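Worksheet: the structure to be examined is printed underneath.
In order of appearance the chains are A, B, C and D, and numbering begins at 1 in each one.
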Amino acid sequence: MVIVMKAGATQAQIDHVTDRITELGFGVHLSRGTERTIIGVIGDERTLNPSIFEVMDGVEKTVSILPPYRLASREVQPEPTVVRVNGVKVGNQRIVIIAGPCSVESRTQLLETAHAVKEAGASMLRGGAYKPRTSPYSFQGMGLKGLEILAEARAETGLPVVTEVMAPDKVGLVAEYADVLQIGARNMQNYDLLKAVGRAHKPVLLKRGMMSTIEELLMSAEYILSNGNPDVILCERGIRTFETYTRNTTDINAIPALKQLTHLPVIGDPSHGTGKWMLVDAVARALIAAGADGLMVEVHLHPETAMSDGAQSLKPERFAELVRHVRAVAEAVGRTA
Amino acid sequence: MVIVMKAGATQAQIDHVTDRITELGFGVHLSRGTERTIIGVIGDERTLNPSIFEVMDGVEKTVSILPPYRLASREVQPEPTVVRVNGVKVGNQRIVIIAGPCSVESRTQLLETAHAVKEAGASMLRGGAYKPRTSPYSFQGMGLKGLEILAEARAETGLPVVTEVMAPDKVGLVAEYADVLQIGARNMQNYDLLKAVGRAHKPVLLKRGMMSTIEELLMSAEYILSNGNPDVILCERGIRTFETYTRNTTDINAIPALKQLTHLPVIGDPSHGTGKWMLVDAVARALIAAGADGLMVEVHLHPETAMSDGAQSLKPERFAELVRHVRAVAEAVGRTA
Amino acid sequence: MVIVMKAGATQAQIDHVTDRITELGFGVHLSRGTERTIIGVIGDERTLNPSIFEVMDGVEKTVSILPPYRLASREVQPEPTVVRVNGVKVGNQRIVIIAGPCSVESRTQLLETAHAVKEAGASMLRGGAYKPRTSPYSFQGMGLKGLEILAEARAETGLPVVTEVMAPDKVGLVAEYADVLQIGARNMQNYDLLKAVGRAHKPVLLKRGMMSTIEELLMSAEYILSNGNPDVILCERGIRTFETYTRNTTDINAIPALKQLTHLPVIGDPSHGTGKWMLVDAVARALIAAGADGLMVEVHLHPETAMSDGAQSLKPERFAELVRHVRAVAEAVGRTA
Amino acid sequence: MVIVMKAGATQAQIDHVTDRITELGFGVHLSRGTERTIIGVIGDERTLNPSIFEVMDGVEKTVSILPPYRLASREVQPEPTVVRVNGVKVGNQRIVIIAGPCSVESRTQLLETAHAVKEAGASMLRGGAYKPRTSPYSFQGMGLKGLEILAEARAETGLPVVTEVMAPDKVGLVAEYADVLQIGARNMQNYDLLKAVGRAHKPVLLKRGMMSTIEELLMSAEYILSNGNPDVILCERGIRTFETYTRNTTDINAIPALKQLTHLPVIGDPSHGTGKWMLVDAVARALIAAGADGLMVEVHLHPETAMSDGAQSLKPERFAELVRHVRAVAEAVGRTA
């Protein structure tokens, strides 16, 4: 950490800062510029609260030097993490496509969709049994019955199942049925939930919050990793901006940025990233071209009757086309699909 | 709901839309403009998923006509809700000031602070026992011990206690100690938690998420109201924008907007809204001038040693000054404090 | 400037950076932490391009220490600037209210409005002769004829006139008629225009761009000041955020922040800041409570026939009420109006 | 346009609205729902100011039905526009790569760079002679001398030249030297400038403002088109969001969205879109995968000495690698480069 003093800071103010640094067991490095004195703090700043300096008289601001995450960092672990989900490897040379409906709506719907996406080239099945909905009057998911249907679809198709868990006290139950525990965007900073999946023995797919920075996403991953679970898959799913033509703005920059900052696998969700099925294919290709390790795509047999997210869902035949397009791009960037 | 057809939509496409509307039990109202046909849906659109139309061939977009919330709306309940917390009324002519430290750090700290804020004019005490922190390596709060200290401070000072609850399975415990259950900004769309406090018998202080719209805040209030709890206090605490000089951007527009849209009381949090103690007094005055029913302010005896949020905390003497300033503004807008 | 090296930076990489700093005539201050080496650059960093270091091997990032503006800074000039516009002082103890229509639409309209706002308590008149409109098909202003009408209104009422100038080659013409040259939000970073008004001999009202940070606003003021014009009035008029209920988000934090960072007067525009006349009065009060030196408010005799911005315009009687409300708040914060 | 009345709107209020619509020469279509009356306006709403209805008693809001642009719309012109720049076609099956330094810094620098980018596969040369800089103390460009050097580079290499024009009175001069007139992001809503290039006889490259919506970009194109210049190339160059790790957020969704909404060619600028050279290659691939018609990339021989934007500039050898990568992706999506 570097502490920048105000232009007219007195020696007594500087001493007060350096005394406190020493008291806390850190080293001090003083540098007097032409207009400002700056004070370097020597030691692991991750355990320091910058506020305690920012309120001192004569201090203008503090600047962090180290990234606040450690276990998620490529500096600490240079080689990429490959997460194994039953037979499927995420973070490998081969990209992974997770597909299925937003919500499990019925046994027939899910089984038919599972077969369709498998045939089109998906390697995992998604589907929500517990649904976070903006309105209390919207369909809230089938719950346990939905989990049972997902398990049946896995038994029939062999596709591993990804499904969302929304509360710490449901982690055990969902983990009995799911192969990957999904943390939704709205829960990215639900820390009790992050701790609970950190103690679970299933891989976690952590979606970036629509209001969260890349650094905050990595800090949420750090919660899971530091609670003992090394199998975290990150997912860029669009952020909220001033643009209203699309539901979210897919942060394509985040794909190469995350691949450089962390060893964890990174996938993209072009369905939520755009909110419009007409844009999903193009953005799916872009995500893979930018280096994503996979995709998560919403597919619905009859979007016109979907109980949630129909506008961003692809019909199976369009999804099959997306897979062909994505495979061509994957090969162009030296990967397979 | 209004469904806007594309410029070249065919009669068959229009028929397909109107048939579906009728099938779902709604009325249809067709209007042919010079460039577009638009279709009005007659009935309570809150139960309709717009996606099912947006994916139909020939449809350009749908437009919602009704606000999606009902119980929170001033249309449904024109007279303001006054939330009673022990002897204190929130949403009344008299504005309410809630003050205290970000976190309960020790018994001595909290008791001293409680006495100081009471003397300065606060009418409720805040303090976090469970803390949502971005980093797993930061202080996570004292937990149950913190709740006990808060209860002791109430017994000593008579100030009702506001404290955060972060998980559904902790609502019962926190409600035993607290007078008001706080839902933090990061949990504004943690729906399991909203349902749980909706079933509790204590008033709820619902903070706006840092990237949530005014409408989404009201929808989260709707979750609590529709689960049976009528006592919801809304809190504007700053939203995330591109500006980085301040921690958040206090959305001052939201104060009169919320007062017009809903009957629920609305308070402001200038500490989180700015993130800098040097700006707290000015923004506190602004919130009251704009019509807020109260304030929530972070106060710390020694911000230089605070375990969280020191940079935005006021020392007791500066808080006392803020109360004096705020009282003058409250009177200028026809209120008392 | 501080240059942060990567974790594994070599001595050769560090030497390369320090050699370049010395070569450019700056001093070097090296500090080795436990995980990173950081290099302080001693001298006036305002003339240094940080990019030249950011691209060097082994460099992680650079951090600016000094604010990039100088003439606009309170460090350089601690006492507040008071801008004199004919008899009116801006930045003084007395707050200033500028009012009038968005556009000059006709002689009758403007003269009637000028009298009405004067009677209600305005101390300056606003009105656009050249209008920046999103659509080429919208009314673009009356141009020269509009300027003449503004001058006539001044002659009749004695109110100084504020009007927008949109192009460098129009500055001379507009300065012949106007008392204050307004730079609109969309032109805040139109540098040729800033230079041109910097060479003019009339005060400038500089509106914050809807996409601009506080620092960028001050840098645009710096363009005007460094071209020789000391009379700059800053105007907060709302920024663009994800919130769509209001046209913009009034950045109330910016009022006290600017008052602390700069000596220039700061006013607020609640009409553009909200976009809805129902919110203007409340936000006007808030701006004054937060410490603004004045307001700029859109007033229209018949908003139902306004050629631009009707939805955010007040009728004269509502404006008169706003002035009464604002005066009460001004007195509560120790000012007059 | 659709006008939504408030829940309790009276018949007199409804009549007032419909009378005004009729008075303005539009048709009226009334629809009474269960909770609201809505009024359709039949006719070309592009010439209507919605504000005049929004201020009427009993009106809740207005909703636009038609896109506000016409000439830029694919509805009006379904076939794609191909812009011809000397021999180069933009908007064709073959993607176009524009490369060069941020600023022209010297004759040698530019000529060497021009040869290097040509050899690597660029089909046009970029370079700024007039530079919009945030600070008045930064290098402002070589001006006329820079234009002469650009013309010399074209003569030597045959590459058409793209350069920025910042003021209406400079359009004539810049058009004498440049093959494409660039409008920078900060000037996207400088309407006097848009009108001036609309009257010029050179193609225009219009960069999206960093906080402008897709619709506003198309409205700025409409200014140019409606002033007589049909040759407009749109450029997505990143928008401003809350994310600070990157300089801007490349809005990848905008690429397919624009290709669907308009017939104009669309290119991407991964240099400004990311601000970090380490991310440029990945995002360049993504832009092409998403359907962009070309790229604009900053290349500098020695980024360590660049007078602007060095941190996002590629060295020639890295640019050559980017061209190879982009070609592979272009072929994967059925194009050439």
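Methods note: a contact is a pair of C-beta atoms (placed from the backbone, for glycine too) under 8 Å apart; a residue touches a chain by one contact, two chains touch by 3 or more.
This one's a predicted model, so the numbers in the text were calculated from it and none came from an experiment.
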{"item": "Higher-contact pair (C-beta pairs counted), B-D versus B-C", "value": "B-C"}
{"item": "Shared interface numbering between chain D and chain A [over half = same, under half = different]", "value": "same"}
{"item": "Whole-Å gap separating chain B and chain D, where each centre is the average of the chain's CA atoms", "value": "38"}
{"item": "Distance between chain centroids, defined by C-alpha means - chain B, chain C (Å)", "value": "31"}
{"item": "Residues of chain D touching at least two other chains", "value": "211, 240-242, 244"}
{"item": "Contact footprint of chain B on chain A as seen in their complex", "value": "20, 46-47, 49-56, 68, 132-138, 140, 166-169, 186-187, 189-193, 210-211, 216, 219, 222-223, 226-227, 240, 277, 303-313"}
{"item": "Touch list for chain C against partner chain A, complex", "value": "2, 4, 7, 29, 31-36, 38, 40, 42-44, 63, 65-66, 75, 240-242, 244"}
{"item": "Sites on chain C touched by chain B in the complex", "value": "211, 213-215, 239, 241-246, 249-257, 259-260, 273-274, 276, 278-279, 281-283, 285-291, 325, 328-329, 331-333"}
